[in-house]
Amino acid sequence: MIENKNLKYFSLKEINCKIHGRTDESQSPLPLFWNGSAVEVNVTGTELWIEVEVDFDIHEPWVGCSLNGALVSRQMLMAGRYKICLFRNMSVDSVKNVRFFRELQAMSEDNGNHLLVHGFYSDGSFLPVPDRTYKLEFVGDSITSGEGTYGAKQEQDWIPMFMSFSRNYAVMVSEALDADCRLISQGGWGILCSWDNKPYENIPSCYEKICGLLKGETNEKLGALKPYDFSSWQPDAVIVNLGTNDAGAFNQPAWRNPITGETFKQHLLEDGSYDPADLKRLEQAVIDFLALIRRNNPNAFIVWAYGMAGYDLTLPIAEAVNEYRRQSKDRKTFFLQLPDTTDETVGSRSHPGPKSHEQSAKILAAFLKSLGFVKK
Amino acid sequence: MIENKNLKYFSLKEINCKIHGRTDESQSPLPLFWNGSAVEVNVTGTELWIEVEVDFDIHEPWVGCSLNGALVSRQMLMAGRYKICLFRNMSVDSVKNVRFFRELQAMSEDNGNHLLVHGFYSDGSFLPVPDRTYKLEFVGDSITSGEGTYGAKQEQDWIPMFMSFSRNYAVMVSEALDADCRLISQGGWGILCSWDNKPYENIPSCYEKICGLLKGETNEKLGALKPYDFSSWQPDAVIVNLGTNDAGAFNQPAWRNPITGETFKQHLLEDGSYDPADLKRLEQAVIDFLALIRRNNPNAFIVWAYGMAGYDLTLPIAEAVNEYRRQSKDRKTFFLQLPDTTDETVGSRSHPGPKSHEQSAKILAAFLKSLGFVKK
Amino acid sequence: MIENKNLKYFSLKEINCKIHGRTDESQSPLPLFWNGSAVEVNVTGTELWIEVEVDFDIHEPWVGCSLNGALVSRQMLMAGRYKICLFRNMSVDSVKNVRFFRELQAMSEDNGNHLLVHGFYSDGSFLPVPDRTYKLEFVGDSITSGEGTYGAKQEQDWIPMFMSFSRNYAVMVSEALDADCRLISQGGWGILCSWDNKPYENIPSCYEKICGLLKGETNEKLGALKPYDFSSWQPDAVIVNLGTNDAGAFNQPAWRNPITGETFKQHLLEDGSYDPADLKRLEQAVIDFLALIRRNNPNAFIVWAYGMAGYDLTLPIAEAVNEYRRQSKDRKTFFLQLPDTTDETVGSRSHPGPKSHEQSAKILAAFLKSLGFVKK
Amino acid sequence: MIENKNLKYFSLKEINCKIHGRTDESQSPLPLFWNGSAVEVNVTGTELWIEVEVDFDIHEPWVGCSLNGALVSRQMLMAGRYKICLFRNMSVDSVKNVRFFRELQAMSEDNGNHLLVHGFYSDGSFLPVPDRTYKLEFVGDSITSGEGTYGAKQEQDWIPMFMSFSRNYAVMVSEALDADCRLISQGGWGILCSWDNKPYENIPSCYEKICGLLKGETNEKLGALKPYDFSSWQPDAVIVNLGTNDAGAFNQPAWRNPITGETFKQHLLEDGSYDPADLKRLEQAVIDFLALIRRNNPNAFIVWAYGMAGYDLTLPIAEAVNEYRRQSKDRKTFFLQLPDTTDETVGSRSHPGPKSHEQSAKILAAFLKSLGFVKK
């Protein structure tokens, strides 16, 4: 291997580098908490490396890299501080757009999971990366974590390999509208509670922090639990894709807090229908979450998009969205049903596959266009 | 032209002939009132003609013919009593499945419009036509009348040529599930009122008659206004695709009854939102219609499918469906949003084109499959 | 039926009317000999009828009609002289482009088959129909006659219903390149002989006449056997799609002239390969036909496109095309293989279906683009 | 990172491991010379690592990994001997099929390029990997090296990143037919000479060695230059996709041997046509190569597939194939034209993109099916 003697190290702070995803930008190295969190550069030179620092207890991070908008690599990262080559032997003068992104969702179940970016090595120079026309925030569960977008249909193991940003409807919608995007999602979590009735595993509870579903001292040091500065990045639309796990909770046993003994459960009546009281608190959670999003994003369109993994809560969610609109007079909030996944569109782990993401991305992008979003 | 000397006349009554669509089967000749109304035969012999009787004041009927399930012809019919050849010179012994169907919706604006079937001429014999696995009833407006499924994008004339059964989501869903289907639809009509606020142009008001939107002495003689005998054909699912015109009414001037001076209008508030009182009566109309459908179809799934021509009333309709479920405990009633038509999927007259019908048919068929419908 | 009192009769001669397809334009009424033969008008007014005269012994003609470029009707025609309504009740001032075209190939097996156009009835006026950017001539067999493009897969009867221009690769290529087109084709015919070894059923023998494969006094009077005036319509490209039947002939018994006792046959050797002498005369027929086409179309690109119904003669035809190029120095002649039809793309009568035609049309249009054809 | 203490090392020799691609299987570590060269295992356990040894002067190897048939990772490899984790935390008992494959072609321009496999680390056990139904050998140039299948359309740098096995028509055909495959390809090389007239850069000259286009002591030690034992893996079909570079050579300046001063060039005549003498030696090279393939693969179908990057040599190649068939009486040799790449199907570096590979793979797989290949 003939070494390139001209490589120089550049810390993120000293170069033009666009940061994607909610993070604490004052940190060095920079944490990439969410799937879709990324560093993006426009760089000349023949060669580019990124220096990362990785750790985890159980679930390793996966990353992808796109070059001039095309996905070229995707890989698992092991623990350690090391360099990864992103390109080599390219024309020295041309400007290469490179995006190095996290494929794996933030991992609430592995507080040791960290993906930090120190800087780059290159023999080129770093030019500004302009913002795209729009900003979109996607808030969701395993669907938005891209679970099922990689791997064979038969797979049932819950492992990072099968989650992604690269085959995610969020990135497809963003490409269709020339938008930057940020994702906040967690597999198994809901609006009110998790698929197995854990009442604290809901996205609203962590929405106002940078990455509030993480715990532990290291994550705290990395800024995950800091309040998120909404003014720093005001989205043109917030897409909420939640409800699938709340539907599941009705069919799961109660959760019991192992310490306090307290329990939580969404109940079915004897006839198999949802207990009205439990449905009520779920609908209230929808209304409260919409109000919370609105408070933090005063000008954004808010679209509650639901259905990719089952239609069970279509009516209660739609009704709650409607009730929120009535109460708030907030006419920039919408409900959009997305097509359920079928045998033809399913991916691994019985989750929406790439074809399902493509189908929903088309419908969602068309809806946003009808609200005035125009790809230039 | 060498004449076939072996043709014999068969009136409908004396042969195996399956009748599609709501009609008065005691009539002779048999009226085909709705788009999708049809006669279907399994016939041997080399040649088949159908004898029809046609009239209209302004809007001529169009018909299509499928042979062994494949559409082979589509044409305009002029007034008169005459024979149309459906096939010639085919193998004498093979059984040919032939369906001769009306492409044009029932025409509430042309009481002179009639398409009657007297019988067939053939040199073969007529074998029984078995029922398909399921029965589906589709209730709708111009979308279900197939408006926009034929013709160039630029067309704006409101003429029968551009409406169809042959490129209609209703037939696509039925093919996908091996179902017979009946359609009840009228362009411009709504749940509560028409696109231009006519309060009597709503589908519920004519749902319990054979073809209650027709008027005039001839139609009455033909049985159009007779009560429809729901027991004769109980659908496995009723799909309601209404709401588009009710949404439009809010943006149209008031309708004034030219005789009584009485007026009707769905209002917008000054801020552009729907007047809550008007919305309320619309939602009540949804609830009442669901109850009416349920009363007449006690075992059917009912699916309110909405969105192919705009999402404006998604939330009020969803809420009304939910309210109906709550009040009635009717758990076999559902709401399904269908994707709005886009520049890519639009047809003539700014209506959903064939691609839009295909897209929605896939989603609707998948939904019915999830309810247990299985194509054998 | 309320009659339109404003209709006037216009003979073809007195109006702007574009004639498609080889015919004797001095005739009145005008014969439409080939599939794709058509009259096309740009007309204002609310209503348009065409007056035709039709006859046949056995095989009835089928026609189609497109309005503003969209196919709206397709039907069988019976014998007689009568009017067919093409549109009604359209906006009086708008210019409607209407093409009334023959779906059925010229019928060498039915000398009584005629489709003649007398004129139009309309309440509008007829504006000029401009030429398209290019002119394309398609020369072929049952594939170019569109056999298999309509009807169910199971169909095996050889009847006009299953042939078409409307779903033919020829029209698809022409639309893709903004071209006018003329078709010369006959099912069963070949370069040298027919599928069953009839030595006179080859397209080259009739290429220089208007419709040289027809016989009988009436056809002669209609001008079918007149020399074709190539100077009147010089194509930019001639696409030859022949060879399928010549391949079949090797596997069929010898043909015997019932009168003279003379026989003809393309032979297989005992090992199943083509007899070299028979192959030689076939290759010579290819060379001779190319020379004949070139003589009559000095500036056209010539593309021998082969393969949609089997690849058997790919090598001999390619070699003959190459030999012709060598001998003639004619560098504007090409060979293009088209994809064979598969289970997924097959239509009725085991012939290429619409999907096969679409696939080949794409490849052929792309090839013509590579030669410099540009859709404006 | 919590370490898995149960991992054990397994050298390739001691386990069930299927080796893909021509190589010297007696080597340890095992060289993966060609794109598509791979090791494939069926393994239980929760975790699997592969130990590789990598080196190169300039052009780094890229690899991919599929799990249960689905591509899950693709990455660049740097020099060194190290382990790569292929999966972690999977169900211990299930059998995982893992294929670790080389994405990069053999690199005749970088004799330092080596990718060697030492063995695996796992906590599971290795079960036999059965052969697939068929064996296919693909012989080609940059198209078969997958050049252009990754990267943005605008890319023009010639780097390994843009070549692949994973998006290659060869793997698509093999999946469609349930076949194992071996690839022999080199960008820029031809049948007779390279794109720039280098007379020794032709695939036939290295066809009988394991990887005869490599040079240098290390490659020799690794067995690259050993005769290839054809009896060890007799393909059911050999697909030759060569000719694109031979066409290019006619338009390039002469090559001059820097040492001997000897030159080589394929000439155009003044009128722009191919010099017949040069064409002759090219056609002879086709004939000789077919004879060479046949000698080594007595029972295989041989398909010369050409056209994905231009049709220039369609006729000379077809004629040569035909001449070879005549001379040899070899009736299991065929010519198949594949569709040229268009603006819609092009990939990076103006080469066929994934859509072009898919299109050609479908046509090629259908052709092989017509020869009797049946996916079980």
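Just so it is clear, A, B, C and D label the chains in written order, and each chain counts residues from 1 on its own.
By our rule, contacts are C-beta pairs under 8 Å (C-beta built on N, C-alpha and C of every residue); 3 or more make two chains touch, one makes a residue touch a chain.
These figures come from a predicted structure and were not determined experimentally.
Visitor: Of the pairs C-D and B-C, which shows more C-beta pairs in contact?
Guide: Taking the two pairs in turn, the one with more contacts turns out to be B-C.
Visitor: What is the chain whose Cα centroid lies farthest from the Cα centroid of subunit C?
Guide: Computed centres place A farthest from subunit C.
Visitor: If you average the CA atoms of subunit B and of subunit D, how far apart do the two points sit, in angstrom?
Guide: 57
Visitor: How far is the middle of subunit B from the middle of subunit C, if each middle is the mean of its Cα atoms, in Å?
Guide: 38
Visitor: Between subunit C and subunit D, what is the separation of their C-alpha centroids in Å?
Guide: Centre-to-centre distance between subunit C and subunit D: 44 Å.
Visitor: Can you list every residue of subunit D that touches 2 or more other chains, as numbers and ranges?
Guide: none
Visitor: Which stretch or stretches of subunit D touch subunit C in the complex?
Guide: 271-273, 307, 311, 314-316, 318-319, 321-322, 325, 329, 331, 334-337, 339-340, 342, 363, 366-367, 369-370
Visitor: Note which residues of subunit D are touching subunit A in the complex, please.
Guide: On the subunit D side, the touching residues are 1-2, 55-60, 62, 67-76, 78-79, 85, 87-91, 112, 150-152, 154-157, 159, 161, 348.
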